[in-house]
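See below for the structure under consideration.
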Amino acid sequence: MTELIERADTAADTPVVELSMQQAINRALSDLLTEDPEVLVFGEDVGTLGGVFRVTEGLQKEFGDKRVFDTPLAESAIMGMAVGLAMNGWRPVPELQFDGFAYPAIDQIVNQVARMNYRTRGATPMPITLRLPSFGGIQAPEHHGESLEALFAHTPGLKVVAPSDPADAYSLLLQSVRSDDPVVYMEPKARYWERRPVQLREPSDPIGTSRIVRPGRHATLIAWGAMVHRCVQVAELAAEDGVDLEVLDLRWLKPIDAAGLAASVSRTRRAVVVHEAPLTAGLGAEVATLVTENCFRDLAAPVQRVTGFDVPYPAGPLEPQYLPTIDRVLLAVQRTLEY
Amino acid sequence: MAQENFTFTLPDLGEGLVEATVLEWQVAVGDVVERNAPLVEVETTKSAVVIPSPKAGRIAELHAEEEQVVPVGEPLVTFEVEAADEPQAGIVGRVPAEEARPARRVRLRPPSD
Amino acid sequence: MRPVSPTHEPAGREAIDVDHLSPDLTRALYRDMRTARDLDTEAIALQRQGVFPAYVSVRGQEAAQVASASALDPARDFVFPTYREMASALAYGVEMVGYMSTHRALWHGGLHDVAASRFGAVNAVVGGPVPHAVGWAVGERLRGDDGVALAYFGDGASSEGDIHEAMNFAGVFGAPVVFFCQNNQWALSVPNDRQIAGGSVSARAGGYGMPGVLVDGNDAGAVHQATAEAVARARRGEGPSVIEALTYRVEPHSTSDDPGRYRDESETERWRDRDPVTLLREALLAAGHADEAHLAEVDARAAKEAERIRDGVANAPEPDGSDLFTHVFRETTEELTRQRRTWQEEVEL
Amino acid sequence: MSANLAGDVTMRYVDLHPQAPGDGVPVLLLHGFGTDFGMNWRAAGWAQALETAGRRVIGPDLRGHGTSDKPTDSALYLPEHFVADLLAMLDESGVDKVDVVGYSMGSRLAWELASTAPERVRRVVLGGFGTKNAFAGTDLSDPGSGDTPFDTVYRTVAALPGNDAAALAACARGQAARPFEAEPPLTGIPLMVVSGARDALAEGAAELAERCGGTHVEIPGRDHANAVSSRAFRQAVLDFLAG
């Protein structure tokens, strides 16, 4: 008997390149615009300027102003337009410039995008990927550091994903845009710039698969977006103390990888979930419940949450005290170890 | 574009190897190499391998002669590489600084189980 | 065609004329308006008989709806309705048992095939579908096709931010959209003078750089002509326009509304007297487009068709509980599959 | 009996397609005793060199090695079982003909493949291989206990992570049960033999090449362990396969 265990070809075996997440997303958009003539990229300042974070830089030049275009400044109409374009057979990839500016578009996102396929009984699919620069960590002004994942994950009909590094940003965006369901793709602004060697890969895991970023034995740190990096830092420090932490990047915030969470936590027996959003009714509560439901007998300690506080996202100087700090995560780990 | 030097040290090529012998350089000082191009052929007690270049750039210095034994972690080659552009912040906010070693106050005790 | 200058307070019945339209068209308009009127009557009865939980009457707005929808090409255009466009749907050729099922609360949005009928799902968020029309129309131009999107909205929705955003987008992109405002003068309990600053929706078109016209919404001929012109303009690539059809909601907002709390019955009576179906009937006879015998036959057929639709929707099966889960995603999730199992085990039994 | 059992052993392989395909005939790389495709070929720069040359690479982990199953019954390591694995793999991959490059034990198997199914082999390269019996003087009931060149090789590879010493001993006994015969010579298929100048296990390499009407390339200064990664070896093979 013989069995093929690796098939590498042009698409799968691309060379390693050094890219920031900004650039990886740009590459993904470029590849998507190339592979599918129905993909359209639009939003505020995404065309001529190339986006306020330069994520769409060069795309209008390469693909023309019919495929990549600026819209007037109106978030609700951007999402409403996406609905109409989808009804007309296009595959819209709108950008809303900042997390806080998604609120004016919530009506279109929740009332229209999320349920149009449902209310028309499948007659009008909504293959829309909303790109949303999200989360905090860059000392931006008010309304530019929000974490809306719980709101979106709570909305039936939406899928929600937040990449944590350039390689994932690339393949998760391919996967999101190719999906026939609407996806909110949350880009962690704080991780836009760090360059890493990246092998640009076709998505290989199904939608809703988490990823073990760092294997460990003593407890699982669960995070998404920029907090994955924070958790890796914590794990490295914990290792100096002889504590071996596993870091699980949830990636998909809906659907959540309940099986992946269970597999990790039933091995480590302890879990700490870390997010930037406020504590109350945050997605950490959902994660904690899933872990408790699936691993109750294995748990050596209650699931800990380390999150932002239940306060409006603060101004720059207070940001480091609002976002989960290394010490707060370490303390939570200690609480699970000593429970 | 600004240039900077990058020195590549001999990596651990297998579990717990402490040294390797340089068999043959596949590049010379002054060569411009692509990332992943064959850099040097070394032999360990377990196998002979060709190390692919970790950087694209110009070879500035080779730190070992052929036949020389190099301990893991010692310099192997120095590249002159293009310095990465300083990342530009977006329309708002700042590029977060990457702490070399994040500060901590809390110390952990490993679990007994 | 005589120039019209519609007013909020009709002086009298103000007969309309249809000499500028073909007899085939005017007869078809009459047939559809008559059928819609009868279906509306049947629907109100169904609500009172406990079949419909609620219903929103289109009575008095048949000309505005039928004459505008008839100016479109159902093979290449697309209609984006709100929730009070029954007569438009009927004139556009939508499968009406499916459409009316939304009023029986069988399925939000209706059971008609939105993609095939090119008539959007019934939408209660007034103003919400208007940006969809713009997106659809931009998509049409991107592909090089010549379809036109028509978005219906009312005087109340004209206050929504989405209407402004949509008109501005359409103007910027030169999108082939007809913004069709049925101004029926009452947004539930709030009259035009408490709703529309400046008093005119059509006048706002100028600010977006597009033509805006005010037409007598009870004059089928005038509505048809204005819409046909706007559609032709959009199809030629000359961009969007606004039509404001001034009409009146003679029935309550919905079957559960009590208009006595906010408006004077005498005003309603004056508008009932300007009934668009009667006006068109008289105009057909005056123009010699039809005789009494023909119209009597049309009336009889309309009644029968309304009954057919009524019986169809009254007898339509309720959706299966599993439909709760069917269309949430194109590619469902494990969690939703698990919840569907829970439904099977704990609810369906 | 062993033929039936042979069907239960799974040989796993990789199939690497170049970004810019050139020659349509894939290169089959057969690794040596105690290593695997990744260690023998990929780490030694072969996959990349062939990829750059536009050549598709098929690289099995031979039974008893790497990711493949590792039975401990020496009857399952007779050369014909390896050849059957390789032919099944070529069939599964839809490949008619290959250029085969072997190293050490992989060369022995390349020879067997070319003898058994000459119609499937366009060119053959035998690396680190000669007429000498590799197992001469080794006590195969307890390999690694003596001082022969094979004992040395066995001791090194048996200690590598992922290797199964019992499976490797069984493999050695299975190979030794059918001593290599250079007669009849392999003719009709262009052949090249490559060996390090200091390779004790490749004695008679030049003679073997001559008997088959092929060419012999000697890599100066190299022994059995480090000839495979040398640039001169790779270049000689690339030239031979392209010619």
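Every chain is named by a letter (A, B, C and D) in the order it is written, and numbering of its residues begins at 1.
Definition applied: a residue touches a chain if its C-beta (ideal position, glycine included) is under 8 Å from a C-beta of that chain, and two chains touch if they have at least 3 such contacts.
Model, not experiment: these values are computed from the prediction.
Averaging the CA coordinates per chain and comparing them to the mean over all protein CA atoms picks out A as nearest.
Between the CA-based centres of subunit A and subunit D the separation comes to 47 Å, rounded to the whole angstrom. Mean C-alpha position of subunit A lies 30 Å from that of subunit B. Mean C-alpha positions place subunit C and subunit D at a centre distance of 78 Å. Contacts with at least two other chains are made by residues 36 of subunit B.
Chain pairs recorded as touching, per the definition above, are A-B, A-C, A-D, B-D. Every residue of subunit D that touches subunit B in the complex is listed here, in rising order: 35, 39-40, 43-45, 48-49, 156, 160-161, 222, 225-231. Taken in their complex, subunit A has these residues touching subunit C: 40, 66, 71-72, 74, 76-77, 79-90, 92, 104, 107-108, 111-112, 116-125, 156-157, 159, 179-181, 207-208, 254-256, 258-259. Considering their complex, residues 78, 80, 107-109, 111, 113-116, 120-121, 125, 128-140, 142-143, 149, 161-162, 165-166, 168-169, 172, 323, 326-331, 333-336 of subunit C touch subunit A. Here subunit B touches subunit D in the complex through residues 14-15, 23-24, 26, 36, 38, 41, 43, 45-50, 52, going by the rule given at the top. Of all residues in subunit A, those touching subunit D in their complex are 1-10, 13.
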